[in-house]
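Structures follow.
Two complexes are shown next, each including chain A; its partner changes from chain B in the first to chain C in the second.
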Partner chain A sequence: MGDIALRADHVSKVFGHSRVLDDVSFELRRGEVLCLAGENGCGKSTLIKILNGVHAPEAGAVFSFGDDTAIGHITPREARARGIHVIWQDLALFAHLSVAENIVFDDYVANPMRPLSYRAARQQAREVIERLGVQLDPDTRVEELSIARRQLVAIARVLRAGARIIFMDEPTASLTRNEVRTLLDLTRALSAQGISIVFVSHRLAEVLAVCQRVTVLRNGKLVGTYPTEGMTQARLSQLMTGQELNLVPRQTAPSGEPVLELRGLSRRGEFEDVSLTLNRGEILGLTGLLGAGRTELAHVVFGMTQPTAGEMRMHGKRLTLRSNRDAIRHGIAYVSEDRLNLGLVQSQSINMNTAVTVLGELEKPRGFLAPWRVRALTAEWIRRLGTKVSDAELAVSSLSGGNQQRVVIAKWLATKPEVLILDCPTVGVDIGAKAGIFEIIRQLADDGMAIILISDEAGEIWMNADRVIVLREGRVSQELTPADTTEESLEEIINA
Partner chain B sequence: MTIASSARRRLRLSTDTLEIGVMALLLAASFGFFTLMAPGFLSGANIRSMAVQLPELGLLSLAMLLPIISGGLNLAVTFTANIAGLTTAWLVQNALGDAGALGLVVSVGAGLAVGAAAGFLIGVIVARVGAHPILVSLGVMIFLQGLGEFLTRGGGISGMPASFQWIGGGSVLGVPVPILVFLLAAAALAYFMQFTRTGFSIHMVGSNLRATEYSGIDVRRVLITLYTISGLLAAIAGMVMLARFNSVRVGHGESYLLITVLACFLAGANPFGGFGRVLPLVLGLMSLQVIASGMNLMGASQHLSIAVWGAFLIVVMTLRMPFLKRS
Partner chain C sequence: MRRLHLGTEGVLALIILGLGVVLSLTTENFLTVQNLFDLLNNQSVNMIFAAGLVVVLIAGGIDISFAVAASVVQYVVMTLLISIGGGNWLFGIALSMAIGTLLGLFNALLIYRFRIVSIIVTIATFNLYFGLLMVFTGGVSIYDVPDWLYYAVPLIDLPATRGSATLYLPVAVMAVISLATGFILTRTGFGRAIYGFGSSPEAARRSGVRVGLIHAFAYGWLGMCAGVAGLMQAHIVQEVVPNALIGQELPILAAVVLGGATLGGGRGSVTGALLGVLLLAVVQNGLNLLGVTPYAFRMIVGFIILAAITCSNLDKLLPQRAMAREARS
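Moving on, here comes the complex of A and B:
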């Protein structure tokens, strides 16, 4: 078995009373791209941390590296010595330092007293960048780079540090389609150089495109390792969730009267001349690449920013929004794509996050906001949306992505909106939970709400929207009906 | 992760009660210690003197707690108290002294209004300009200091009518007025933070201003309101100080400034905003007062008791850390 880069058997890990990993085996071949798949909480991160020496496994684990060594656990130092590196989702770069300084940084961890020569650093960085075959200026400060470019810096950094095994944690989460393509190409090139890569991703299409094998974990147990050839997305998601997902395209309901109309709406530098009509009981898909103006348009409709030209009408009446409070008053709600920073106040309780949009209604009489009214409201929405909550006094950050999203949706439904804008509502949501979120959205539309669904996942849009508007570079490039097209051609239209 | 969340649940359920429990324990411990060690600690005179001394620092700490929960600070609290006191004293002596009770009420009202206005100014700048509260309140603090020194030429105003001095030295049913004022203010603030939408919003703003704004809360109004209330509480402290010393001078109580911050953190307020309760703060302030008075009775210098306060904070922080880390 000379082609084994890393092998781990009988890996278990217990935190407190719960067994996070239960006798898991993991095998990574030299020069292979392997995907580690599983829902949140399945033990992926713990496994990576054990393989990287951050956590020690329970006794009984055996690690080997394709030579004769077999050890009980790996120390961080040993992981480094064997070329095992992790690129976490936050990339762990120094934003204020230059690309070159970031790339050579690890040299100075090993030898902190070594004087730093910028010229040498730049030269060494250039060599690694060349090896990667990308365009990067070693003198640029990292904070000036896009996420995708920063990722290249992170990859260059681990290569410079002698990486032979690279774990990449959700590397495509905040990349645009083209950037993802570049990254996947790069991943293949690295594997051709004999470097083994472990890819952790939620996006099944990417997993299947780039990986040779996929290792699936569920609830801390190994489900199995499968070749990706012949594997379908449906089968993979079934392995991950343990349940069959029967996703069917939405039956388009006859749509009602117009609720919201945009006429020639523009905001300088963001989008131009957008006209659209949103009807009662309809899900309007708004799609396009990241930066096509989707979120910017949503911000204007939600009153966060003001248009520079054009007009909005609601029920035929002209709509002027000075702030999002005006928008909320007019029955417009917006589920932000950035749940972590804008959607929820993460460190405050589920109760508070649910009630925050309707404090005025809950404060009865004026000057007395009864805590039990807040709790009753939250309990009602937890019940209606099927949110899994053990205690609503807990910080909302204690919930999984899917349940957090339910809290966001709840807090907006509490305002009884007529128009609900959902900006990438399934980002960071497990596959199993995605279906549940869309079930809620469809039900809302069936009950008469007018919904704008923003997403760059063609599959989501195709399955759930009644009509689709494609934005490109801030303009409406196409309007179509999912029924008249296929998921694949929609994907092509978005990325064209 | 089920373990993580269950640990968090256990923790969270207890965090609110934890802080109150810790502070009550500290108070009981310090009280017990000095009862045994300091002769005359339980005497009526000592209890009474503690009840008269505590409110100044106490009211200023309440004025500091609100901005801290909102993720900021109000460094101008002590000078706001001075300016408010000066306003009242000047009015009594130069304009309204002969107007009797009504004149006194108007003078106090004007002093409180000036304090609230100082807070309002900070709030408006923080909300409109978006500058960090530390910088804004520092600017206002220096401004008030300079203004006060200019107007008083570095001196002070003293000699208030006996009816006003009642606020500092009088008592109702045997309870000193200053502690009554403090406890009333604390109760009102506790109610405001727990049972009004503005109090609710202050917690949210303190944890994440942008997400709160996205939820449709008028965060500017929240900020302006909370700094105005902070200024008002500081002005009440200024009234108590004026009444107790029968004089007011710019810079009076200046050394309290950082101790108010210490008291808030001691009581478990989160330095990054979002969390902090009035009750643990009141209990914590009582412990600080018990330590100061007890050590005084034992013959130790006042400076030493301040050193003990600092040590106290470090010990409490250290004990609390494992809980904070896990959450």
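Moving on, here comes the complex of A and C:
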């Protein structure tokens, strides 16, 4: 502890006309867990890329490594040689290869001509897996693993490559509660072995639980680095956003007439006998652990899969959905969980991605698509959701993760649906924007939209839902009203 | 899923055997050493092609220009050999390999430098090579091939029920090429990196895999195989007909896909590819024996390729299902 593992000063980065990082200093000590915190688009991922040599910083930066070297920028090769590794958000694994081969893959690249032994690979893989203290079969193909387990493979891989510094960019965004706990434990264990870890997460509770220090960025500028001891979530979010957020639970509005009713709805192997009623102007929280059938239920209501028993009714009339087009026609919209893959065309502009659901509307009445109407629509949603965009004509892929998510949400809100299903709408979205998104959701409900909010964050369900349905192993296990319970007891019910 | 994957080659072998048994019931003496040797002799050219093509498929690409490339090699090599007064086996094979590799590298260059999808590039080079060949040859065949190439080279001769069963040189060439390909793919880090690149190009790039080299090897190796296959085909039929090999690319693609390679990359094996060729050959043979029109075979080829395309899309959904299953358990 105490001595420096990596230090970078005067790091700036300009993309086109925007200064994404402005004279940022970064310091990582040996064996510590450091968090990088900040709102969407403040430059966290960019800083990580610079520290790993993916991007070159502007001139003037100085990197040092606790010895006498001081260099102006670092190449990817040099970063690897100094034991600096990243667990990318997409993990960068090879789905068709086995766990063992993924772990030793760097050998393949370093010594392409050396004849190889699968037995040795398996043995070496077993050794790192053991060092991680997890259960993983070296012979399984990575494509057969869950995201959480793939992440373990990625960690094993960088450990094997001799990592002394590991960057993890939003590693918990796609994990369930229990998986997050495992990962946090693992992070602590690694730091006890003297490995330094840089951790990015928008879930402040995690940040405070696992990190010793937190470096806060705002709009590309360094706000400061603080010990997490004695830090509160409120204080941290204030540092990140520069303003105080006061979150208030939703005042339950009197709900209107039923819009959507499910009667004994089942889909074999996924969920069973789910009955619920969704009223006009209501936010219905649907929660339960991942795998409890939440997303599967949403897929049926959105017409993407067919129920095997039971029925759906909309406005009292029986509803049969052959496809999601049917669902959209009936005024049902679904913001999917896997937004980055299913929700956006990465190479298309922000404008087109926002307008794609309402192109038909925008063409009326003259039957051609006026670019200014697309731009106006996008501008409106950028304003309402507070999306950080420099130019809406740029490809969506140029946005930071959290801002991409806002574009997906905007695209579905633009259809002005009667029933809106939001599947974990704030994963990877920063705290300020979360509040912004929920403000909009509440406003939509107040305007009469019926909303199903799927989430496993007890806090956001408790704050925003009028009614909560808890699923467990595909069945409704409880129905309750947030007003009658506390956030903590809801958390317990979900994780029970 | 796992059980199925492990068994692709085994399942193919079983099906081939099963078909053999069925065919020997309907037509007598199908399962004989003689027939097996004939099958290998007849299919060795296709198998050499397949061993090359599987590398490209594993790397996540596709190539449909290789059969035409083989024709170009045949023609160029034969013209050169005749002009220097004959040559010999060693020189002939080396020359075929060299020219074939060059034609393959040209594909790789276009794909890598200009970032064009491999199918588009190879459709273009297919037409380019074919057009050049026809323009320069005027469609005229070469009949007076050198003596060494003219006479069959028997390697193994076994006494059989009727006369004897003989294995010829092309089978040995096929075996050497297949072994070499298999060794590179499964026993060297470079080979595994090809699987890795086919499985996830982006991840491979970030791991420092040299993408240009992978492309160059995959298409160059297929080109080399095609060159050798071209020479062997000329040797077997004792002549060079400019358009003799055209139309072979799709059945071979289908065979390799049957053998477990996918159009998405990252999967496949040499053994699978070879068995795929044999299976298609047995099917074709069976259809002939049953008196079914040869067009039925094309139908089957088309069907396999369609199925392969559908499956490679299905495949993208499968991991998610597997994950959902795991999450629930």
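As a convention for this text, the second predicted complex is superposed on the first by the 408 of 496 C-alpha atoms of A that agree within 3 Å, B and C clash if a C-alpha of one lies under 4 Å from a C-alpha of the other, contacts with A are read in each partner's own complex, and residues count from 1 in each chain.
Just so it is clear, contacts are C-beta pairs under 8 Å (C-beta built on N, C-alpha and C of every residue); 3 or more make two chains touch, one makes a residue touch a chain.
No experiment lies behind these values; they were computed from the predicted model shown.
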Next on the checklist: Looking at A:Asp107, would you say it contacts chain B, chain C, both, or neither? Reply first, second, both or neither.
Outcome noted: second
Item to check | Contacts of A:Pro76 with chain B and chain C, given as first, second, both or neither | outcome: second
Next on the checklist: Which partner chains sit in contact with A:Thr357 here, chain B, chain C, both or neither? Use first/second/both/neither.
Outcome noted: first
Next on the checklist: Once chain A of both complexes is superposed, is A:Trp88 in touch with chain B (first), chain C (second), both, or neither?
Outcome noted: second
Item to check | Touching partner for A:Leu145 - first (chain B), second (chain C), both, neither | outcome: second
Next on the checklist: Going by the contact rule set out above, which residues of chain B touch chain A in the complex?
Outcome noted: 1-9, 12-13, 194-197, 199-201, 203-204, 207-208, 210-218, 274-275, 327
Next on the checklist: Give the list of chain C residues in touch with chain A in this complex.
Outcome noted: 1-2, 5, 187-190, 192-193, 195-196, 198-200, 202-204, 206-209, 266-267, 318-319, 322-324, 326-328
Item to check | Partner chain B, residues of chain A touching it in the complex | outcome: 15-18, 20, 41, 304, 323-325, 328, 334, 336, 341-348, 352, 355-357, 359-360, 362-363, 367-371, 390-391, 393-395, 398, 411, 415
Checklist outcome for this item: In the complex, the residues of chain A that touch chain C are 76-77, 80, 88, 90-97, 101, 105-116, 140-141, 143-147, 149, 176, 290-291, 296, 473
